[in-house]
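The structure's right below; bear with me while I get my questions together.
Read from first to last, the chains carry the letters A, B, C and D; within each, the first residue is number 1.
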Amino acid sequence: MTLLVLPLLESIPEAAAEHMTGGEWLEVGLPQLIGFAVSFGVVASFWAEHHRLFEHVRAYTRRLVGLNFAWMFTICFLQLPSAMVYSLPSTRSVIGLYIGTMTVSAVVLTLLVAHVHAHPEIQEPGHPLPRARVWANAAVAALFGLAFVIAMIAPQINYFALFVLFLSPVVERLSR
Amino acid sequence: MTLLVLPLLESIPEAAAEHMTGGEWLEVGLPQLIGFAVSFGVVASFWAEHHRLFEHVRAYTRRLVGLNFAWMFTICFLQLPSAMVYSLPSTRSVIGLYIGTMTVSAVVLTLLVAHVHAHPEIQEPGHPLPRARVWANAAVAALFGLAFVIAMIAPQINYFALFVLFLSPVVERLSR
Amino acid sequence: MTLLVLPLLESIPEAAAEHMTGGEWLEVGLPQLIGFAVSFGVVASFWAEHHRLFEHVRAYTRRLVGLNFAWMFTICFLQLPSAMVYSLPSTRSVIGLYIGTMTVSAVVLTLLVAHVHAHPEIQEPGHPLPRARVWANAAVAALFGLAFVIAMIAPQINYFALFVLFLSPVVERLSR
Amino acid sequence: MTLLVLPLLESIPEAAAEHMTGGEWLEVGLPQLIGFAVSFGVVASFWAEHHRLFEHVRAYTRRLVGLNFAWMFTICFLQLPSAMVYSLPSTRSVIGLYIGTMTVSAVVLTLLVAHVHAHPEIQEPGHPLPRARVWANAAVAALFGLAFVIAMIAPQINYFALFVLFLSPVVERLSR
C-alpha cells in the first residue's frame, strides 16, 4: 500500500533537478495528490474488507488460496494504472484500466466472500460469515462496474467517476 | 518506514554518475541525512504509540477503522514532505507541509486514543486504556502545533523547530 | 512480492517523458506485463508452499534457519532476473538466470520440507508433515529443472518454458 | 531487507537504455552482486538474532523500546552504505561507513540482549535468556570492530574484511 506513493516520491528529485520550489511542485502535483488519495482510499477499504473476511476463516480450501492470490494480484497490479493516472494524459484506456482493475478486484473479493459463506466448514465456529457481507460486496462491485461504464462513456470525468462509490452505504442498506 | 530512506538511496547512483566519491556524497548529503534521522525518529515514535494503543483494543468500531485509515494515510503521505525536505529548497511551504503533516498525524492519533478511551466495550478486559494516554497524546500534538507555528514565523529554522518535541516528557508530566 | 511490479512502475514516468499515451504504453509493455504475471504467479505459489510448511513447524534447528535464509535469498534475488526479463533482450543468459533462480529456489524449498519431515521433534504435535509434501516439492523442482533445460536448448521459447509447470498436478498425482 | 536489492534492480533499466545484454550486465555487475549477497547475509543474521531475542521477551521497558528503535535505525540506514559499496569507488570513507554501521548495529544488538538479560521481569517465565547469548553477541560485535579496523588500515580489502566474521563460531565457543 505504501508503494502507491512511489510515483509521487520519485517526482520530487526531478522537481529538484528543475529547480522548482516546494510550492510550485504542490501546484503542479495537486491533481496527482488527489489521485493518490483516491487510490489510497480504495485500496485501504479493500484491505479492510479482506481483513474482516479472514477473521471468519479458520481453514483453507485450494479454491480459497487461488482466489486469494488472484485478488492480491489485482491489488498489486493496481499500482500500474494508479501511476498512469498520476503521470499520463487521462485517455479512455488509462482511466478504463484504472477503474476496470478496481472493478475486477471488487468482483474477485465478492467471489472470495461468497466462497467462504458457502463453506461453513472453513469458518470460525461461533463466528459465522453473515450472508449480508456477500450482498454488501456484490453491491460495491456493481458500483465499481457503474463507475467503469460512466468513465467509458465520458472519460473526461476521470477518476471522479469513482464518486458513485459514495452511494455504497445506500446500496448496502437497500441490499439487506 | 523503510521507504523514508528511498530518496537518499536514489541519490547514490546519481552521485556515481557524477563520479563523486563516498566522502563527497556524505559532505553534500549531511543535512539530508539529519533530515532522514529526524523523520525516522518521528515516525518511529508515532508507530510505537500506535502499537501501544492497539494492545488495549480487542474489537473494532466503524469509527475506529476510519480514524485508523486516516492516520495511516498521514504516515504514508509524510514521505512526500520528507523527500521535499531532503531535496528542495527549505521554503515556508515545504517546511510547513512537513511539520503540518506531522501535526495532523499527531492530532488523528490523539483522536484514535480518545475514541478507544471513550469506548470501554472495545478495550481488552483487565487491560483498560488509562486516561493519561489521551492527555499525553494531546500534549504531543500541541507541541507539534507549536513547532508548526514556529516554523511558519521563522522558516529558516527548518526542521529544527521540531526540537520543541524534546519538551514532551516535561509536558507529559505536567498533564498528569 | 510487491517489488516485482517496480520495474514496470518505473517505466511509466519514462513513458510520460516521451509523451506516450496509456494505450501506447500498454502496447509496448504487453510482453512485460505477461512476464510480471508469470513472476508473480511463481513467487505466490512458492510463498503459499512455504507458508503451508511452517504451519507444521513449532521449533527451529540451526540448519532450518540457514536453509530458510538461503530460500529467502533466492526469492529476493529473483527480482533481478525478473527485471532483466522485462527490460533486456531475451538472451540465453537472461532466461537461464531467470528459470535457473526459480529452480534453485524450488530445490532449496524441497530441502526445507525434507529437513522438517526428517525431524519430527520440531513438528507441531498432532499436525505432522506428510511424506507426500516432500515428493510434491521434489516433483515441482524437477519440472523447473526441465523448464531450465528446455530454455537452454531453445532460448527463443523464453519464459513460456515455464508452461511445463502446468504438469505439476499430474506429476504430483503420479508421485503419490 | 528486500530493499537491499533496489540499487541493483534500478541498474537494469539503465543497462537496457545502453543496449546491454543480460550477459554483459552480469559481467559488469558481478562485484555488486557479491556485495548484495554479503549485505543480505549480514542483515539476515542480525534479524535472526533479533527475532531469537524477542522470543524471550514478554513485556517492554522504555529503555528496550528506545534501544530497539536505535537498532532498527542502524538496519534501515545500512542500506545507504550498501548502495554506496555497489555504486561508488571503494574509498576508505565508503567501506568505513559500511562496516562501521554494521559494527554499531552489532553493538546496539548486544546492548539489547544485555538489557533483556539484566531484567528477568520482562522475560518469558520458563524461557529465560541465557547469559551465553550476551557473550555471543558481544563476540560478534568485537569481530565487526576487528573487520572495521582491518578495512581502515587496508581499504583495498573492501568488504572482504567481513570474512573475519567466519571466526564467529570459534569465538562463540571460546566465550562459553
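Definition applied: a residue touches a chain if its C-beta (ideal position, glycine included) is under 8 Å from a C-beta of that chain, and two chains touch if they have at least 3 such contacts.
Since we're looking at a predicted model, the values are computed, not measured.
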item	value
Steps needed, at fewest, to go from subunit B to subunit D via touching chains	1
Chain whose Cα centroid lies at the greatest distance from that of subunit A	D
Whole-Å gap separating subunit A and subunit C, where each centre is the average of the chain's CA atoms	27
Between subunit C and subunit B, distance of the C-alpha-averaged centres to the nearest whole Å	38
Multi-chain contact residues (two or more partners), subunit B	6, 10
Touch-based graph of the chains, sorted into line, ring, star, complete or other	ring
Pairs of chains in contact (touch as defined earlier), listed by label	A-B, A-C, B-D, C-D
For the subunit D and subunit B complex, residues of the former touching the latter	3, 6-7, 10-11, 14, 65, 69, 72-73, 76-77, 79-80, 83-84, 87-89, 91, 93-94, 97
List of subunit C residues in touch with subunit A within their complex	1-2, 4-6, 8-10, 12-13, 15-16, 20-23, 25-26, 37, 40-41, 44-45, 48
